[in-house]
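Notes for the one structure printed next.
Going by the order they are written in, the chains are A, B, C, D and E; count residues from 1 in each one.
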Amino acid sequence: MKSELRGQTSHKTGMAPGSLVHVGNVHAQQVRISIMDYSKDDVNELEITSIQELLPYRDSETITWVTVEGLANVSVVEEIGSMFGIHQLVLEDILNTHQRPKFEEFEDYLFIVLKGLDAGGENFSVSYEQISLLLMANMVFLFKEKKDEVFAPVQQRIRTSRGRFRSLGADFLTYSILDAIIDQNFILIDSLDEAITVIEDQLLAGDPSNAILNRIQRLKREIVGVRRYVSPIRELISEMLRSESPLIDEKTHIYLRDVSDHAIRIIESIELHRDIISGLLDIYISSVSNKMNEVMKVLTVFASIFIPLTFLTGIYGMNFEYMPELKVKWAYPTLWLAFISIPGVLLVYFKRKKWL
Amino acid sequence: MKSELRGQTSHKTGMAPGSLVHVGNVHAQQVRISIMDYSKDDVNELEITSIQELLPYRDSETITWVTVEGLANVSVVEEIGSMFGIHQLVLEDILNTHQRPKFEEFEDYLFIVLKGLDAGGENFSVSYEQISLLLMANMVFLFKEKKDEVFAPVQQRIRTSRGRFRSLGADFLTYSILDAIIDQNFILIDSLDEAITVIEDQLLAGDPSNAILNRIQRLKREIVGVRRYVSPIRELISEMLRSESPLIDEKTHIYLRDVSDHAIRIIESIELHRDIISGLLDIYISSVSNKMNEVMKVLTVFASIFIPLTFLTGIYGMNFEYMPELKVKWAYPTLWLAFISIPGVLLVYFKRKKWL
Amino acid sequence: MKSELRGQTSHKTGMAPGSLVHVGNVHAQQVRISIMDYSKDDVNELEITSIQELLPYRDSETITWVTVEGLANVSVVEEIGSMFGIHQLVLEDILNTHQRPKFEEFEDYLFIVLKGLDAGGENFSVSYEQISLLLMANMVFLFKEKKDEVFAPVQQRIRTSRGRFRSLGADFLTYSILDAIIDQNFILIDSLDEAITVIEDQLLAGDPSNAILNRIQRLKREIVGVRRYVSPIRELISEMLRSESPLIDEKTHIYLRDVSDHAIRIIESIELHRDIISGLLDIYISSVSNKMNEVMKVLTVFASIFIPLTFLTGIYGMNFEYMPELKVKWAYPTLWLAFISIPGVLLVYFKRKKWL
Amino acid sequence: MKSELRGQTSHKTGMAPGSLVHVGNVHAQQVRISIMDYSKDDVNELEITSIQELLPYRDSETITWVTVEGLANVSVVEEIGSMFGIHQLVLEDILNTHQRPKFEEFEDYLFIVLKGLDAGGENFSVSYEQISLLLMANMVFLFKEKKDEVFAPVQQRIRTSRGRFRSLGADFLTYSILDAIIDQNFILIDSLDEAITVIEDQLLAGDPSNAILNRIQRLKREIVGVRRYVSPIRELISEMLRSESPLIDEKTHIYLRDVSDHAIRIIESIELHRDIISGLLDIYISSVSNKMNEVMKVLTVFASIFIPLTFLTGIYGMNFEYMPELKVKWAYPTLWLAFISIPGVLLVYFKRKKWL
Amino acid sequence: MKSELRGQTSHKTGMAPGSLVHVGNVHAQQVRISIMDYSKDDVNELEITSIQELLPYRDSETITWVTVEGLANVSVVEEIGSMFGIHQLVLEDILNTHQRPKFEEFEDYLFIVLKGLDAGGENFSVSYEQISLLLMANMVFLFKEKKDEVFAPVQQRIRTSRGRFRSLGADFLTYSILDAIIDQNFILIDSLDEAITVIEDQLLAGDPSNAILNRIQRLKREIVGVRRYVSPIRELISEMLRSESPLIDEKTHIYLRDVSDHAIRIIESIELHRDIISGLLDIYISSVSNKMNEVMKVLTVFASIFIPLTFLTGIYGMNFEYMPELKVKWAYPTLWLAFISIPGVLLVYFKRKKWL
């Protein structure tokens, strides 16, 4: 029952701050470093194995997007850090995958860290991937935990776009990456929506079981987790907009605001779904009560009809010597009349009370 | 069970930002573009089919109100965008009908997007229509999803008003449009009020059924949805008031504040109704408990009266050889006395406990 | 069940803004306009029928308090508006009785609108009256829906006070009027207190019925309504204090702060009572559970005692040929021993479980 | 059931503002005015009967602390007001004992009003006393409702302290008084803690009765009341710290911040206890449910065991002529086997379901 | 049941402010004072017994870390206070172990007080230790209640780090200490997580008992306590960052921000766990209801099947002279058919209702 979300202990507790250790689950054993270097006229894509190969891009005029997939190999991050003069604490944050989304401003670079979310199939068990961005004058570093194709559309745009995209700076690339990460969440919300619909249908059709309750609780918890990583994004982008760093061009602001709008819409959707789930819980609890009510009614109807009748039979089962009725010929059929009419009267009564 | 409200996924996820696609349900297949051009002395109304016909109005002194109904034809928005120099992201927002209400300020124009709400008959299933406004110096563009008569009163005022309205600028026209959209919500709230009254009456009269619970939950959810689109309007107008754009005249401020007051009243009404619905849920749950209580009382009364009596008949139904009472002549009538007096005593007891 | 509070639709929906129509219930068919004109040395009171009679007071040095009771006659408000240059929207607000309390500042006058509340007897069904104030240099206009004596104490003070009151300006008069309106709410809270005490006593004495639940819900709703109109008063007065209009003298500030204190005390009292009522709901729900518990105990005691005994009688009511006990002389009395001792044992057991 | 807390009506409602009347319960019929006049070298203590005796202290260099106990005699406050030039509304606030804690700044004096709280024995029924302070250059007036020894420790310190205390100004005296008032609340919280512990023990030991529920509700309400008067103290002291009045020396700020820390600790403690009490309510409600569960189990066990057995005896109590079993010799003992084994089986079943 | 958390009374209530008394539980009878004096090149560690031995370090250039473990001996704090010119109220705060986390700025030193938390084994009963820090130009005083090894890692770093750590100032040492204290909380949260997992497993496996309810409540309460001491840390560090004291170097800011991030993560984790525990309570309450439902079903099934059958046997147990069925040979076997078929029909019915 221990979810990914809750284990938050830094394995580093007790260690000196500033020591570089990867904290979190290892999703990709092998590190893959891929480069996309582009200018208005040209795009180059390659994979490198040694950090030293990055050196020529450092001072070139072209925009270079370096993607590091897999964080298990600490030395990669360390070398990048020393080559580009990144603060020790930033490197630590890149490696420790329990960061909250945040934006930090340094003289020569900007640091953004946030979470990529994946709904993970039918069961809506969200998996989180930490994504860190370093935005420099002509370079963007992207650190991911896993190897996947989240940014394929952005890469495709760079390859195909002639004029516009490639003539814009590294800040526009950063925006495109953020946009891709955040728009992933729309899919997540659709998936959540589906999960809720399934539960709703079960609640309406079948009976309230503990299994449904557990599923409702699990969904609730997943949403709390999602919210935790999505809601700071709004603040993150606000800080980017307030930042006066020359690394973010004035023209990019409108794009960032657009991303911010998307983030707000996602946050609101999450809140809405939280409310819906709370409503499901209410329905669940009410269903349990209604079920009990129904059970009680059946019991009451049965008992109230047959207990008086049994009493009647008890009377004429007694062995007194002087019971004149026993001799009367029509007594037995008359009693049968009572056996039929009493339930009739009671059934009408229960009907009027809407118990049947 | 999947409501219009929840499906919020941008179908564009994964696409490059800046590509114009209509996102949302298609409410009107055919686009209708109508123009209302007026000055202090004159009003002209016409429908156009080609965007090129707008050209003469661009630079004229008169105020021109262009209404575009139906968003399925993306090229219409695109052409307007390029003719009037509208930012790509604004055009996207116009076409993507999942926007939150917002206000954006540009050098040459202001962009407002919000939702028109329609209560949709007895069942209170609200339908939403996205309405976008572009306010320029002498022009107002209004983009709607559907063809309807929401703005007929405003048009009527333009036609009939001699002096006042037509001598005021495009910002006053914008205000009038906003006012018409927001005042629609008063009708919505009346409709909501009616729906609640119906449920209340059912709760008081009949018995608590799962159907009522579902209706309460559905209302609750609709209100959450309405709130989501109405509450940002307050902020939207605040931003308009704070804006220092020359496109909004100082004199129009008092009118905007009036709209803002209306919006606040609507938001408060919605909050009030949310509270009332929560109260209904409490009453519902209490009713279920009370019903159960009542059932239990009936069962208890029946069982408590007849079980002891049956025990008595059981005693004298035994076949022991030596049961002196069986021979006594008055035993049987005496027992009948007990059969009558025991229930009497118990009924008095239950009466005193207020169970009957 | 449709309360005055909820019907908030502007009957004007769809109308052009700026058209003067009275919106709300008509409380007084006939309009009464009374004037109180005073200076340090003199007080004049009269009733007028034509707005023209106000003309001489407009430019006089004395302070003039004009009270308009009844809003059904729109033309009265219209004429005052044109005589004193009041903005069209202000006139609309005066006539539309669904306003939230608010303060608006204009060059030549200040506009205040708020609600007078009346607890309305034992049942605590609050009635609301909209009161609008126009504060000018030497005049105060007061518009009310009903004819009543709420401001009699203020009038009395003007008549009797020699020096102090009459030498202070129109702003002090405004303060006195506000003070009178707000202090009415203390009576309202006392009345609410009484209504709660009645319910509390019923809850403690009798049994929990649906009627009590409905009364609790109704009170809750009334409080929500009261809060809605009282809590903005705090903000209203803050705005008056922040206002830099020369119409409010610096010396009046301390008096306004005093009114503000009263408003805060009232708001806090309302919050306190809301908490108390929520507590009542908890007690109610618990009472229902306790009642059910009690019913169940009675049933269980009866059933558990007599069902085993009946089983015993059943055994010896069987007709087997070979049942040796039936022949034993002491069998029947022995069984009676069981009939007495078994309930004894069970009663002790139930006593120990605190069911009796 | 009507608590001291709730009756908040100003008996002055309807009266002219500015008229001096004592509002509240009369705790002390007789007014006692005591003076403590001290300088670095000397302390004088005396009781006076006429306000005129205060005159010499007004302009002396020494610091004079005047304590007025009992507010029934309005003229005392009135005379002090006119002798020291206190604003009419301040005098009203001193006399009306329903004030919220607040701080007001005037040119020549500062006005502080707050509540002294007393837990009042085992039952935790808090009593409130209004304490008003007037801080002038060399004088401090303290108005109390009751005669008690709350400030004895402060007086003792003045008497015994040689250097430090007596060389500090009237603001330090004010601080000491505030400190004494606020530290009283720690005792209150201990008392509350004890009351909660008693309830907790009862809940764990005995069974959930309505009496416990009422006690929980009463505690909850008392806490709401305490919170109401304690939480504004934080703001009060913040305002004193922000004040730029020369009457509060810069050096006293650190002491006031210390008092503020105490106030925050008390407020947090109160919040904590509110949470604890809500938890008690949850436990109470759960206990009721558990109790019901237990009752139901007993009923079910009894009924499920004996009802089938009684059915068996019923079969062989029938009078059919052709019932071969009745003749079989071992039938009766065999049936006894069933009478013993059926309950055995059922008991094992119930045991496995953990009902026993 | 009275937890450490709640007893908050200052034993000093009634005492003069400024008198030094140790308030709180005595954790360490004997005071231990240890010194760690280091410069870039050298580290000295020693224990001292007299405060006088600190004198040489006061004016030396090296950085000196003085750890005082145990607060029972008031004179130690007093002497340090007078030797280094610490304000009386700060000394009091060090000795009174009921402080909220806070930061105070003085001319020559900064004062930080916060809580070290320890989860305390399986039961998750958190124990709190107050830790006070005095940061001066070249000295750091650390006051603790207990003797433990919380800061061993920091000491180790000082001993082993050649260049970096030891060349940074006293503010970096302070940061390292804060970091160590706050990172302790990650362990606490893991421990909390484990405690919750245990309860979850019990809830899913076994049945809902009062013991589980009590454990849930206790956890909830512990979390409230933890939150109380952890959440102000965020504000504390914000104040340190806003402080313009020269004692905190600009370069240390990024480290403090890092600590702040950790604190936020911990606070969010706590909130998350609070939500989870509330969810557990919901599951608990639902489980109780479900259990009751199940009990009721068993009772209803038994009663509904056997009560009608018993009635049948009652009929033929009657002693009427004229009951023709009694003579029919096949009557008895026919009845057995009914005895078998009636339960069959009912069982199918109950099955369809999903009661079995």
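By our rule, a residue touches a chain if its C-beta (ideal position, glycine included) is under 8 Å from a C-beta of that chain, and two chains touch if they have at least 3 such contacts.
Worth saying up front: this structure is predicted, and the values here are computed from it rather than measured.
Of all chains in the assembly, none touches chain D and also chain E.
The best fit of Cα atoms from chain A onto chain E calls for a rotation angle of 70°, in steps of 5. Computed centre separation for the pair chain A/chain B is 26 angstrom, with centres defined by C-alpha atoms. Once the centre of each chain is set as its mean CA position, chain B and chain D turn out to be 43 Å apart. Contact of a single residue of chain D with at least two other chains is seen at positions 289, 292, 296, 299, 303, 307, 310, 314, 317-319, 323. Taken as a graph of touching chains, this assembly forms a single closed ring in which every chain touches exactly two others. Ring order of the chains (start at chain A, first neighbour chain E): A, E, D, C, B.
Contact residues on chain C toward chain D in their complex (touch as defined above): 153, 157, 161, 164-165, 176, 179-180, 183-184, 186-187, 189-190, 193, 197, 200-201, 204, 254-255, 257-258, 261-262, 264-265, 268-269, 272-273, 275-276, 279, 282-283, 285-287, 289-290, 292-293, 296-297, 299-300, 303-304, 307-308, 310-311, 314-315, 317-323, 353-355.
By the touch rule above, chain C contacts chain B in their complex via residues 1-2, 5-10, 12-18, 87, 89, 92-93, 98-100, 102, 104, 206-207, 210, 213-214, 217, 220-221, 224-225, 228, 281, 284-285, 288-289, 291-292, 294-296, 298-299, 302-303, 306-307, 309-310, 312-314, 316-319, 323, 325-327, 329, 331-332, 335, 339.
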